[in-house]
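Note that the chains are named A, B, C and D in the order they appear, and that numbering of residues resets to 1 at the start of each chain.
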Amino acid sequence: MGNTFGQLFRVTTFGESHGGGVGVVIDGCPPNIELSEARIQRELDRRRPGQSKIATQRKEEDRCEILSGVFGGKTLGTPIAILVRNKDARPEDYVEIAEKFRPSHADFTYEAKYGIRNWQGGGRASARETIARVAAGAVAKKVLSVLYAEFEIVAYVTQIHEVVAKINRSTVTGKENIVRCPDSVAAKKMVSLIEEIRDKGDSVGGVIECVVRGIPPGLGEPVFDKLDADLAKAMLSIPATKGFEIGSGFAATRMRGSQHNDPFEMRGGRIRAATNNSGGVQGGISNGEEIYFRVAFKPTATIAHEQKTVTSSRKQTQLAARGRHDPCVLPRAVPIVEAMAALVLCDHALRQRATAIADRGSRISE
Amino acid sequence: MGNTFGQLFRVTTFGESHGGGVGVVIDGCPPNIELSEARIQRELDRRRPGQSKIATQRKEEDRCEILSGVFGGKTLGTPIAILVRNKDARPEDYVEIAEKFRPSHADFTYEAKYGIRNWQGGGRASARETIARVAAGAVAKKVLSVLYAEFEIVAYVTQIHEVVAKINRSTVTGKENIVRCPDSVAAKKMVSLIEEIRDKGDSVGGVIECVVRGIPPGLGEPVFDKLDADLAKAMLSIPATKGFEIGSGFAATRMRGSQHNDPFEMRGGRIRAATNNSGGVQGGISNGEEIYFRVAFKPTATIAHEQKTVTSSRKQTQLAARGRHDPCVLPRAVPIVEAMAALVLCDHALRQRATAIADRGSRISE
Amino acid sequence: MGNTFGQLFRVTTFGESHGGGVGVVIDGCPPNIELSEARIQRELDRRRPGQSKIATQRKEEDRCEILSGVFGGKTLGTPIAILVRNKDARPEDYVEIAEKFRPSHADFTYEAKYGIRNWQGGGRASARETIARVAAGAVAKKVLSVLYAEFEIVAYVTQIHEVVAKINRSTVTGKENIVRCPDSVAAKKMVSLIEEIRDKGDSVGGVIECVVRGIPPGLGEPVFDKLDADLAKAMLSIPATKGFEIGSGFAATRMRGSQHNDPFEMRGGRIRAATNNSGGVQGGISNGEEIYFRVAFKPTATIAHEQKTVTSSRKQTQLAARGRHDPCVLPRAVPIVEAMAALVLCDHALRQRATAIADRGSRISE
Amino acid sequence: MGNTFGQLFRVTTFGESHGGGVGVVIDGCPPNIELSEARIQRELDRRRPGQSKIATQRKEEDRCEILSGVFGGKTLGTPIAILVRNKDARPEDYVEIAEKFRPSHADFTYEAKYGIRNWQGGGRASARETIARVAAGAVAKKVLSVLYAEFEIVAYVTQIHEVVAKINRSTVTGKENIVRCPDSVAAKKMVSLIEEIRDKGDSVGGVIECVVRGIPPGLGEPVFDKLDADLAKAMLSIPATKGFEIGSGFAATRMRGSQHNDPFEMRGGRIRAATNNSGGVQGGISNGEEIYFRVAFKPTATIAHEQKTVTSSRKQTQLAARGRHDPCVLPRAVPIVEAMAALVLCDHALRQRATAIADRGSRISE
C-alpha cells in the first residue's frame, strides 16, 4: 500500500529489479491525446544505465510496451498500462546481500517491515523502480503540453559534492551534457570529480534544480494538497533524496520579511510578482510565475569500501559492494525529478478543471 | 478538495479565520482510547496567540469542543469532530485587503483559483486554520502513546534569522521557553532579535527541528507513501514553510558515501545503526532510530512596511499591514510541526497494522 | 474509517444521536455558487421527525448552521461545514438497551467491532446520522442545478408492505403528501396501513423509487466506479435498506435479450434509446435518458413487541421497545434517497469535467 | 478514473479486449502468503470461454503471468502485477460495430464520454475485463483463508429466466456443473433452456446467489463503507447486472417487523442470530452469521436478431450480432461474483485490523 500517486491522474507502479518487469498503470489520463511508445522511450533512454562513462556500465535496454489504453495512436480514457521487462539479471552478484544488510540501503527496513524481501538487486527498493515513474511522467508531460501551450519543464544538476554550478534559472533550456549540468565549466569539473570518486570506490551526492514554466495561476489544493506540499512529497519519494526546498528555500530563514516578500505589479497586462522568492507558489497555489525547487541527493549508498554491518541472523560482519553501480546518481536522476514534477502538476491541472465551473478568475489570471 | 490528510487516520479540516469557527473531523481513530477536551486544549494553548511578549497580542481563547466520537471519556471508533469557535473578529482591520493583494500572501492566488475569497483576515489561508491541525495532532499523539510505550515527539526552534542554537538532539526534552529554543543562550538572543525586528515593523524566519523517539522499524509505505515523503508533504503544507530536510539533509550533498553511510551493528540485542545520517528512515521505512528533520520557515509576510502591490481591479498601489501580527511565527509553529508529524506517524502506524498478519519481522525488529 | 463519500465532491459526516450534534464537511464544492442555510433547512425539514401523524412524534428541530465555506451567500471553494445540534435527548429511554442488544439493530455489531458504543439512542447507527446526508445532498442538488439546466430529482414511495402504487415515472413531480406516494389512492391505503400497524406495535417496510432527469450522457467511471455501482453503494449505505435495482432490475432476469434491449433511434436531433430498460445507464455511464432505480427498505427494527435477545454479558432476556419510533421509515427516507443520489451524481459530474479536455463527444451527446 | 477498487487491498485493473492484454495490480496484499500462478489460473479457468456447450465457443487460453510481488512462492508485500495476454483476436468480426452502436451495449456511452473508443470487441467494456477481477479475487480468497480458518465462499446460479432452483443455502458447496446450479433438476432445465434460446439467436438472464461463511463479527465501516454497501457496489460494477439484494432483500418489503427481526440467542457459547433475514450484516457490519446476497443479471445484450440502431454519424440502421457469444452469461459470471465478494471482504478484513488495537470485542465475538 503506497504505490499509487495522484488523485485524478492516478499512477500505480509495480515491479522489482528482478522478476517479470517493472511497469505502471495510469488511470485518469484524458482521452484523445496522441501517445506513442516512442515518446515514452525517449524519456526512458535519458534514465537508462550505460548512457555515459560516468554512469553504471550495466546494459539495460529498458524497452517499453504499451499494453492498454491507447488505440490508433490516441489515449482512450481507459487505464494506460506500460511494461518494461527485466533483463541482464545476474543473481550471482547478489548472493552475499541475501544475508547481509547493506548500510544505508533498504534491506534491513524491508526485512523489518515485511519479514521477507526480494534480495536480488534491491528488489522493490531498487532504483529500477523509477522506470515506471519516468514512463508515467512522459505521459503527464504530454497532457500538460496539450493543456498549457507554454508548458516547459527543465531539471538539471546544480551541485555535485563541493562543485557548484552557476546557472541562470530563467534562461536555462533542456540541452543536456553527460552530467546534465548546464554550466559547462562546472560540468567538466563534475565529470572529473565523479570519475575520481568512482576510481576510489566511493560515491558523491548533490543537488538537482527543476524549473517549470507555463503553469497558470490556480493549481494547488489547500490546505493539505498544496502544490508545494505535493511537490515535496513527490521529490522525497525518489530514492536517495534527503531534502527539498522551493523558491528561496532554506535561504529564506536568513532574510527579513521586507527583503523576502514578492511585491505585485502589473506587467504585460497581467498581475505579476516583481521578484520570485515564493518559487511560483503562494498559499499552496501557483501564482503564474516560474515554479522552481531544489532536491538534495545523498551520495550513492553502494560503495566498494569494506563496511561494517550485520547479517539477518544478527552476526556482525563486513561487506564491500560488488557489481556495477553509479558513483553519483544525479545525472540519471534528472529525468526522474522532471517526471515526478510532471505527475504532480498534471494531477493538479485535472483537479483544478473539475471544480472550475464558470470562467472565474479569468479577470485576474488571463 | 485537498482538506483531508491521511489514509487510515483521516483528518478533514474546515474553517476560515472569520465565520463560524475552525474545526476538524478525525475518521479512523481507534476506539477505546481515553480522550478529553483538556488534553486537546493543552496543545491548542501552545499554539494560541497572545502567549508571550514576542507573539501577536491578539486575544484568541480558542476553546475546543468535542462534538462527537467520544463517549464516557473514550473514543468510540466513530468520527471525532472538534470545533473551535471564532472570536475577536475585527473586520475593520481587513477592509483594505478586500481590494489589495498582500505581497507573498495567498490573497492573489485564492482569487485566481476560486474567483472569490473571504478577505477577512486571510480566510482559509489564515494561520488560524492550523488550530484544526493541532487539535487533530493531539489525538494522534495520544494514539501513538498507546501504541508505542516509548513514543515521544519534541520540536524546537534551532535557528531564527542568523541566530543558530546549539542543541544535543538526542537529549533534548519538551521543556519550553517563550521562543521554544532549548539552548538558553541562543534563546535569549532570539527573543531580543524578534523584539528588535518587531519594533522595526519587519519580520524574520528560521528553522524548526523535530525529533521523534520510540517508533519501531517498519513504518512507511514505499514507493510513494514513504515515511519521509509523507513527512515532507506534511511540513510543506504548513503555512510559511519553504523547505524540508531529513537526517543529514542538504549537508549530505557535500559528503562522500563512505562518510555518509550508517553502518549496522548489534547493540542492546537489536540491530542498530551506528550513526544516523539517515534520520531514522531508510528506503522510506523507519529503521527504529530517532527520526529527525528540519523545516525552513520564511519571514512572516505581514509587515508594517509600505509595500508595492496591485488591487483586484489591477491598479498599482501601496500597502502597509495594520493589526496585530507575529514578527516571527516559529515559536507558535512548534506545536504545529509536532502535530503534523504525529498525524503522519499515526496514519502509518495504522497502515502497518493493517497488513501485519503474522509476527513477521519480530526476529529482527524486537 | 468509512465516513467519507465521493472522490471530488467529498462528504465527511460525523455525529451520534446523543452528544454535541451531527454534521458534515463538504470538500470540493465548486466556488461561487449561491448557498444559504434556508435552502439546506428546507431539505432537512422534509426528513425531520414529527412532521405528520404517521411519523415518530419526537420533536427535533434540526436547525442547521453553516460554519464555514460560504461568504456573502456564495460558496468559497473551501470546505463547507454544516452543524445540526442535538436536542430533545431522553437518555432514560435508553437505559435498558445499554445492556440488551436490540434484534436487527446495530447494537451487537458495533459492540463486536469497536468494543464500545454510545448506547444512547443508537449512537452513530441512529437514523439521525442521515441529517448530514440530507444537508450535503441539498448542496449537491444546488451544484447539479447550476451545471445542468434540466436537472431534476424526484423520489417517492411506490410500495408499503403489500400496497403497491401505480405511478407514471416519466410525469411524476415532487409534489408530496404525508406518505410521499404520488398515487393518491394508494397513498390513502398506505396511511391507513401504517396507522394500523403502529397501533399494533409493529412495523412495515416498502420500496422507494427515484427518477433523475436532465443528466447528460457521459457520467460514470468504469470499470469500478460505474454510475449504477456508485448509486447502489449510496443506497445500501442508507439505514434499513436491503436491496437496489436499476432500470428493469430483477424483472430483467425473466426477459429475453430481444425484449430487453433498448434500440437506439434519432429523436429531437439526438441519439436516444427507444425504450429504457437500462434505466439511463449503459456500461456504467449515463446515456442521457431518465435514470431511475428502486430501493428496498425492511420494516423498522424497533417494535413494541416483546422480543427474545441477549445482554452484553451473554444472558438470555426479553426486550420491548419504548420511546417514540416510526412504524414505517419510508416517507422520511424519501429525501435521504434523493440526497444520496445527488451526492453520487454531483461527484461524477465533477469527475467527468476533470478529464473532459476538448469538446469531445459533442457531436454525439448534444 | 475508476479502475481502482478497495482502500487497503487495492486492486487496479487495465486492458481492452483487443490490444496487449488485460491485467491487474494488487497493492496492499499482506506479505509472506503463499501464492502461485497455478492458484490464480484455476479461478481463471472457471471464467474462461469455451468451457462447455452452453458457453461461447471462442477459444481463449487466458494464461496468467505474475510479473511482480511474489518471490520464492510467497508474496512480498509489494504490488502484485498479473498479466493475461490477449489472443484469438478477429478484428474482422467487429468492423460493423466500429460505426454502429450496439443496443444496450456501452458503445454509445463510451463514445459520448470519451469521444473515442476501441471498437474491437467491446474494448474496455468487454467482459474480458473481468479476467483481472477474477485474478485479483483469487489472491483475495487466499488472504481470507489465511486470516479466517473457516472462510468459504460459494456462488451459484439460482435462476435462469423462469427456471428457479431449490437450494439449501446453508449446505451448498462449491461442486459445480456446467450451468453452476447446485439443484441438478433445475440445472438440467436451465441447460435445455439456454440451448433452445441460443438456437433462436436470443439470450436470457437470471440470478446468482452468493454465500460467505467464516467471516467473524466486525467487518464493515459505517456509515458509508458499510459491508453491504460495498458488496452492492462490487456487484453492480460487474457487466450486465441490474440489481442486488442482501438477506431478505426485496421480500423484506412485504414483511412486518415482528416477522423480519432476527432475535439474538446464545448458541455454542456465542451470541448468535436465531434467524438470518439480515443476511449476516447489521448496521453495515458483519454479525458472524452467513453473509448471503443475490445479483440480478440481464439477458446478454448481444443477440443474433436484427435490431434497430443508429450509426456514430447519426444515421438510422439495423444490426445483427455476428461472432460467438454467450446466450447466457450466468454460469461464467459465478466466479466473477465470488471474486468481487472476496475483494470486498479482504479489503474490510485489513481495514478492521488497522484499528483493532486491543483485544476489544473478544468477550463478544469469540
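Heads up, the rule we're going with is that contacts are C-beta pairs under 8 Å (C-beta built on N, C-alpha and C of every residue); 3 or more make two chains touch, one makes a residue touch a chain.
The structure displayed is predicted, hence computed values, not measured ones.
K.L.:
Taking mean CA positions as centres, which chain lies farthest from chain C?
P.N.:
A
K.L.:
Tell me which has more C-beta contacts between its two chains, A-B or B-D.
P.N.:
A-B
K.L.:
Taking the mean of the CA coordinates per chain, how far is chain A from chain D in Å?
P.N.:
Chain centroid spacing, chain A to chain D, equals 38 Å.
K.L.:
Starting from the mean Cα coordinates of chain A and chain B, work out the distance between those two points in Å.
P.N.:
Result: the chain centres lie 25 Å from each other.
K.L.:
Using CA atom averages as chain centres, what separation in Å is found between chain B and chain D?
P.N.:
Those two chain centres are 45 Å apart.
K.L.:
What parts of chain D, by residue number, touch at least two of the other chains?
P.N.:
As it turns out, chain D has residues touching two or more other chains at 1-4, 7-8, 13, 28, 31-32, 77-78, 113-116, 124, 222, 351, 354-355, 358, 360.
K.L.:
Across the complex, what residues on chain C touch chain D?
P.N.:
Contact set of chain C toward chain D: 1-5, 7, 13, 101, 103-106, 108-116, 124-125, 129, 159, 161-162, 197, 202-207, 217-226, 228-237, 239, 242-250, 252-266, 271, 274, 277-279, 281-288, 296-303, 305, 307-310, 312, 314, 316, 351-352, 354-355, 358, 360-361, 364-365.
K.L.:
Which part of chain A faces chain C closely enough to touch in the complex?
P.N.:
Chain A residues touching chain C: 7-8, 28-33, 77-78, 146-147, 222, 350-351, 353-358, 360.
K.L.:
Hey, which residues of chain B end up touching chain C in the complex?
P.N.:
Against chain C, the touching part of chain B is residues 1-4, 8, 10, 12-16, 19-23, 25, 27-28, 31-32, 65-71, 74-81, 83, 113-118, 123-124.
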